[in-house]
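Which chain is which? They are A, B, C, D and E, in the order written, and residues in each are numbered from 1.
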Amino acid sequence: MQEAMIKRAKELLADGTVDRVMGWKKGEFSYDHTPAVFTSAQELDENFVCDDFTSANLSKYLVKETVRDGKILAFLKPCDTYSFNQLVKEYRIDREKVYVIGIPGGPKLDIEKIRAKGITGILNIRNENYTLKIETIYGVSEMPFYEAIGVKCESCKSKKHVVYDELIGEDGEVLDSNRFDMVEKLENMTSQERYDFWRSELSKCIRCNACRTVCPACTCEKCVFENPDSGIENKAAADSFEENMFHIIRAFHVAGRCTDCGECSRVCPENIPLHLLNRKFIKDINSLYGTYQAGENTTDKAPLNEYKMDDCEASIVHERGAE
Amino acid sequence: MNNSLKDWVDITSGVNVRKCMRCGKCSATCPSYDEMEYHPHQFVYMVEKGDIEPLMKSDSLYRCLTCFACIERCPRNVEPAKVVEAVRLAAVRKQGNNHLIPDQIPAMLDDALPQQAIVMAFRKYTK
Amino acid sequence: MQVNNNNEFQPLIVAFCCNWCSYAGADLSGTNRLNYPTNVKIIRVPCSCRVNPMFILRAFQRGADGVILCGCHPGDCHYTSGNYFTRRRMTLLFSMLDFLGIERDRTRVEWVSAAEGAKFAATMNEFTEAVRKLGPNRRLEDLRCRKQ
Amino acid sequence: MQRIGVFVCHCGTNIAATVDVKAVAEALGHEPGVVISQDYQYMCSESGQYLIKDAVKEHSLTGIVVCSCSPRMHENTFRKAAAAAGLNPYLVEIANIREQCSWIHKEIATATEKAIILGRAAVAKVHLNAPLTAGESPVVKRALVIGGGIAGIQTALDIAEAGFEVDIVEKEPTIGGKMAQIDKTFPTLDCAACILTPKMVECAQNDKITIHSFSEIADVKGFVGNFTVTIKKKARFVDETKCTGCGLCTEKCPMKKVPNEFNMGLDNRTAVYIPFAQAVPKVAAIDPDYCLMLKNGKCGVCSKVCSVGAIDYKQTDKFVEEKYGAIVVATGFNPIKIDKYEEFAYNQSPDVVTSLELERLMNAAGPNGGTLLRPSDKKHPHTIVFVQCVGSRCDDENGKPYCSKICCMYTAKHAMLIREKYPDTEVYVFYIDVRTPGKNFDEFYRRAVEQYGVHYIKGMVGKVTPKSDGKLDVQAADLLANEQLHIDADMVVLAAAIEPDKSARPLATMLTTQMDTNDFFTEAHPKLRPVESATAGIFLSGACQGPKDIPETVAQASAAAAKAIGLLCKNSITCNPCVASSDELMCNGCSSCEKVCPYGAITYIDKEFRMPDKTTRIRRVASVNPAVCQGCGACTVACPSGAMDLSGFSNSQIMAEVDAICK
Amino acid sequence: METFTYYPGCTLRTKAKELDRYARASAEALGICLEEPAEWQCCGGAYTIAANEPATKLSAVRTLNAAKELGRPLITVCSACHNVIKQTNYDISRNEAMQTKVNNYLGLEVPYRGETKIYHYLEMLRDVVGFDKLADKVVNPLTGKKIAAYYGCLLLRPSKAMAMDNPENPTIMEDFISAVGGTPVIWAQRNECCGGYITMEDKSQAAKRSNAVMNNAEDMGAEMIITACPLCLYNLEKNSDSELPVFYFTELLAEALGVKEAADNE
């Protein structure tokens, strides 16, 4: 796969279709690849990587890239194409300036899952027939591939590319995922239990802003939390602000726009399941206003930007299941 | 007014009789009108009022041809034939209230009578 | 939050009212001398759709015990469609607050027309009572803002 | 540094009896920025206002808080007072301590406490008030009327009367609309043509009025006071400027078998035609679907006989662009197609007709020269059955959910006219309800029953069976007699529901106006602004807004004209300054705000920005047209970045109020 | 050659053998393969409207599911069978509660959710064969015959479920008549009930209805009537005073296609 991608990227650079390539570059270790822009065949050969650890969603980076002149090649996994479409729909990405190659999706691995097994000092990780051979400074450990896949891949919603100029590998289908199971579980708790759950999760927040930085829906020119006129300016961690404001407002701001790519939870250093907030909105929107998948296309009106005369009243929240 | 019976008829028929605007098109269109003591629009109105017992006792129940003309032509989607059928079901399901008993059948037959008539009659007139 | 002489809990209720229907409805309950508790403090907005979820969270953070949003009845919006957006936004926001374990009865949307002075007063009486029963808002309050 | 004055009103005892006004003034005097805090018996009185004006000058106030009655009562009074003293009127805030405090509370202590909190919130808000200036936008002194029926004609005449230029765009070759097809009008039974045709002629002769007949709206841009409209002038293959309307071409045209739409297809016209004798403009048009020359290139008779050389087979659609300050929509209605109601045998017998067809059959200018004959055999009908509510008040997709409003009256009219002219003809009317609200309307209907002996039967027709002897067996219910009837009729007349013209929906999209699910235009407010659309500068006239009879239509047409004149009279429009605006530096260009704006006030522009590194970058940003924005604030919440804010009710102002109340 | 699952129903095997025989013979001549399932049950005869009772729907669902398992559309000729089966399918595909109940009763491995497409034989002629193609295959056109198509109540109503033709102004049988060379008579009573259900109980009411229908056809100049329903045929022949002949539409079809005699001798 990686070879095919590099080969194609070189061709497109050579024939002038694109002048840059958005992909992932090798990190210091075999599990810390980062998104990067390549401009030459040489760079591609040296550093381009696509493997079980290239889970980062590249769509957001195209917001900045398409401001520049020229055309860029981007390799997008199925889940990334939804983010891409959503950004095109919001005029954040100039579609004309991107050549999209759809590549097969995950499941991708999460290094934290491996570390959670008590495996430390990791040097290299190989996937041999879905068994991970993990070389560490203490020797070689093993674990099953599927126990190390990232949270976002555990409940993959789609293997289908909703936008592309060409595909490497085959296109898949929209999947019947179990992504709302945890939301439902929480819904079935008592109010106090839910409060305790979220208090214990959100109180871990250190306001590193990684969730916001990585989120493809958070591309604002200036974030409301950094705007003194917004009335909620707040740049650093401060007491209960995170629990009460930051994450709720962030979730509300991306409601109806979040494609459920799961990057927020992937990057959270405290492992807060932030994606559950987004999924709660998605689940409510689906059940109250009809199924809606952000980024599925560039035309559908966002559920919060439209209405029906016979929408349910807000009191439905109060009527729904007594405790 | 018999509320539980009204509820039963409402649920079984699946009809919202309150949608009726009293235009009488069901009765205007009904091919059995002259054979009926209570006419289609009266069925709808009396069920709306909960005045169902007189309907259950009436021979009108067995005069409806279930031809669906009233359903097709009702401008309010009220579906009177479904109301008639629900009341008829309520009536024949009472103990000993079968409108047709097997012993009666032989006398009604002739050589050409299609099977479907007998099957239908049983479906419609018995428990 | 306030505590009066007989130590009964006095919740602080913030009511956002749209200028055209609900604020006028509140005026009408005044004109008709229909009482409701002093706990209710009204903020005037042009339309219920002007109310940003941030305002509601801010009120809770600063110590409000209940927030109610009043607008024109669906179909009667002065701006034709504002309250329809309000309805979706608030449904989702309230559902989220519920999901986070905030008591459902602290939030409410009510449609009150300019003619419904009695409804406005009744709604405020009811809502204040409901919030009083819940006791002080502790779950969304910012500790730094708590009054001594 | 802010210098705020607080003025607490006693309102006689209205406030002072329950609220300790002195304590309120005292407490608010200690709020930050407050330099003077006073109480007075009646702030709204002249002396009260002087108090404020004097204080503004004496203390160089930068903001005013008046603790008094509802702002809905006296906000304007105090704003004017401030303005008179040289302070921007939008630097005034009201704390409502009467309706929302003294009048509803009994205990002085708690009421006073609440009044102080409300005052404090107002002070907190006024700190952030910015001086606002109502913007102005110029008005093009010309109106467009879309639709040339009686609604459009009346509106255009009224606007022209007031001295403004007005254009009528009509999609048919002549103006006149449905009323031109009608014989007599209820409830006076006067001749429709006698009322309408002089108005049509007046339109043609009035030099303020331009008629674009056989034309459609292709595009609308702009906003109140300044619309740019593209009009498509469809090819009529006759030069309008040359044609004299002599009609020779129509006499000589060999293609004589074209269904005549003006007579509802009850007779034929020629391929080159003038819709009817009194058509305005009286100019021929060629029907390209039938013209032998246009279809096969063989014929050319009309061109040969035309002495002025007006025939032009090469004519094509033309587009003209015009500017207007106001637009009036008058697109009218049509009867629905009744294919779904074939139990009435409309397609099985020519003697089953719609009411509009009957109108032509009875019209002196109609196919039978005014003698009522049944279409099948041209014999005099002796029994006529009218069926009401065909397709109206329906709950299914076959019909319309609303009452078409005009059918009860025109059916009574038809019944009465027939009984008057042909006393030997029996007339039956099957009705569900007879709805005759209107001046002299019920009296009219009663006259049909009492004086003319029309048989009104409460019930509906279920089935019409045409028979070989030419009769129609009408099977119906008489609900009051509790019987099913069979009437041997010669004719059946169906009162088909009416619906908005098909051109209305695409037009609404172009105008960014709202429509209901039935495609009727939605008025801005049913009581307060019944002839305006929610989009500024777009007015509604006639049946495009809902079913209407002629008197109502004309009344609404004049009302719409008055509103349009009110707009055109101004050289410029003062805009509500409490409007949204977007901080371009923060705007993402995502279009969320544009999608929730009910007025189409937001557009997107590509703007060049200088970046910190001295490069320039072109970004898509929202731009609010303050002349169109009404200030609801829907966009401010839809905006994810918080770039959109509302003057007078800004995020920080509301947040300051929240904070003050929760302090 | 397209293959359909063919559901004859009880009457076609007893009192209405002609309807069945000519249908099959004509289908063969038209290159349509009708395959009867090994086992089938009575359709139920009349559609029980009760919105919340699954038991009466079971037999029809069994038939529908059998067709689904064979992976073919289902074809019916008898108006009554067609009506019951189509209404049941309409219900089952829209009413989720009913669907669950029925599937629970039947205990199917794969639940039935209304997947089977149902054709009336006439719809097959119109939508699969095509009336123009049918006309091409006619060898004995019924030229000059004025034929009245009788739809009765079951074929078109309720139109939401039947979705066959305009319930008040149908054309499918008229087009069929034109295709086999005849002249269709348009008459208003063609979609009014013949009194079928009441025929066992009250001959006089049935007679009243049948006469109304027959008289209208006669009055409008029909020389014969065609129908798709055995009960209509019985009623119109037996309970009316009219001498107007009534035929199954399949008989005319077989005759026009020149396969009638062969079918009779089978």
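Worth pointing out:
Note that in this section a residue touches a chain if its C-beta (ideal position, glycine included) is under 8 Å from a C-beta of that chain, and two chains touch if they have at least 3 such contacts.
Source: prediction; values computed, not measured.
Touching chain C and chain D at once are the following chains: A.
Counting only contacts among the remaining chains, removing chain C from consideration leaves everything joined as one piece. Path length between chain B and chain D in the touching-chain graph (shortest route): 1.
By number of C-beta pairs in contact, B-E leads when A-D and B-E are compared.
The chain with its Cα centroid farthest from the Cα centroid of chain A is B. Of all chains shown, D has the CA centroid lying nearest to the centroid of every protein CA atom.
Taking each chain's centre as the mean of its C-alpha atoms, the one that lies farthest from the centre of chain D is E.
Chain A and chain C have Cα centroids separated by 36 Å. Centre-to-centre, using mean CA coordinates, chain D is 51 Å away from chain E.
Work out the mean CA point of chain C and of chain E, and you get 63 Å between them.
Between the CA-based centres of chain A and chain B the separation comes to 60 Å, rounded to the whole angstrom. Multi-chain contact residues of chain E (touching two or more other chains) are listed as 168, 192. For chain B, the set of residues touching two or more other chains reads 69.
Among all residues of chain A, those that touch two or more other chains are 224, 230-232, 304-305.
Applying the touch criterion to all chain pairs gives A-C, A-D, B-D, B-E, C-D, D-E. Across the complex, chain A meets chain C through its residues 183, 186-187, 191-199, 224, 230-232, 238-241, 244-245, 248-249, 251-252, 255, 277, 280-281, 284-285, 288-289, 303-305, 307-309, 311-318. Touching chain A in their complex are the following residues of chain C: 53-54, 57-58, 60-61, 74-75, 81, 84-85, 87-105, 107-109, 139-144. The residues of chain A lying in touch with chain D in their complex are 67, 90-92, 217, 219-224, 227, 229-232, 253-254, 257, 301-302, 304-306.
Put simply, chain D touches chain C in their complex at residues 70-72, 96, 98-101, 103-107, 110-111, 113-114, 117-118, 121, 514, 522, 524-525, 534, 578, 596, 598, 630-634, 636-638, 646, 649, 651, 654-655, 657-659, 661-663. Those residues of chain C that touch chain D in the shared complex are 4, 12, 14, 19, 23-24, 26-31, 33-36, 38, 41-47, 49-55, 58-59, 62-64, 78-82, 85, 89, 121, 145.
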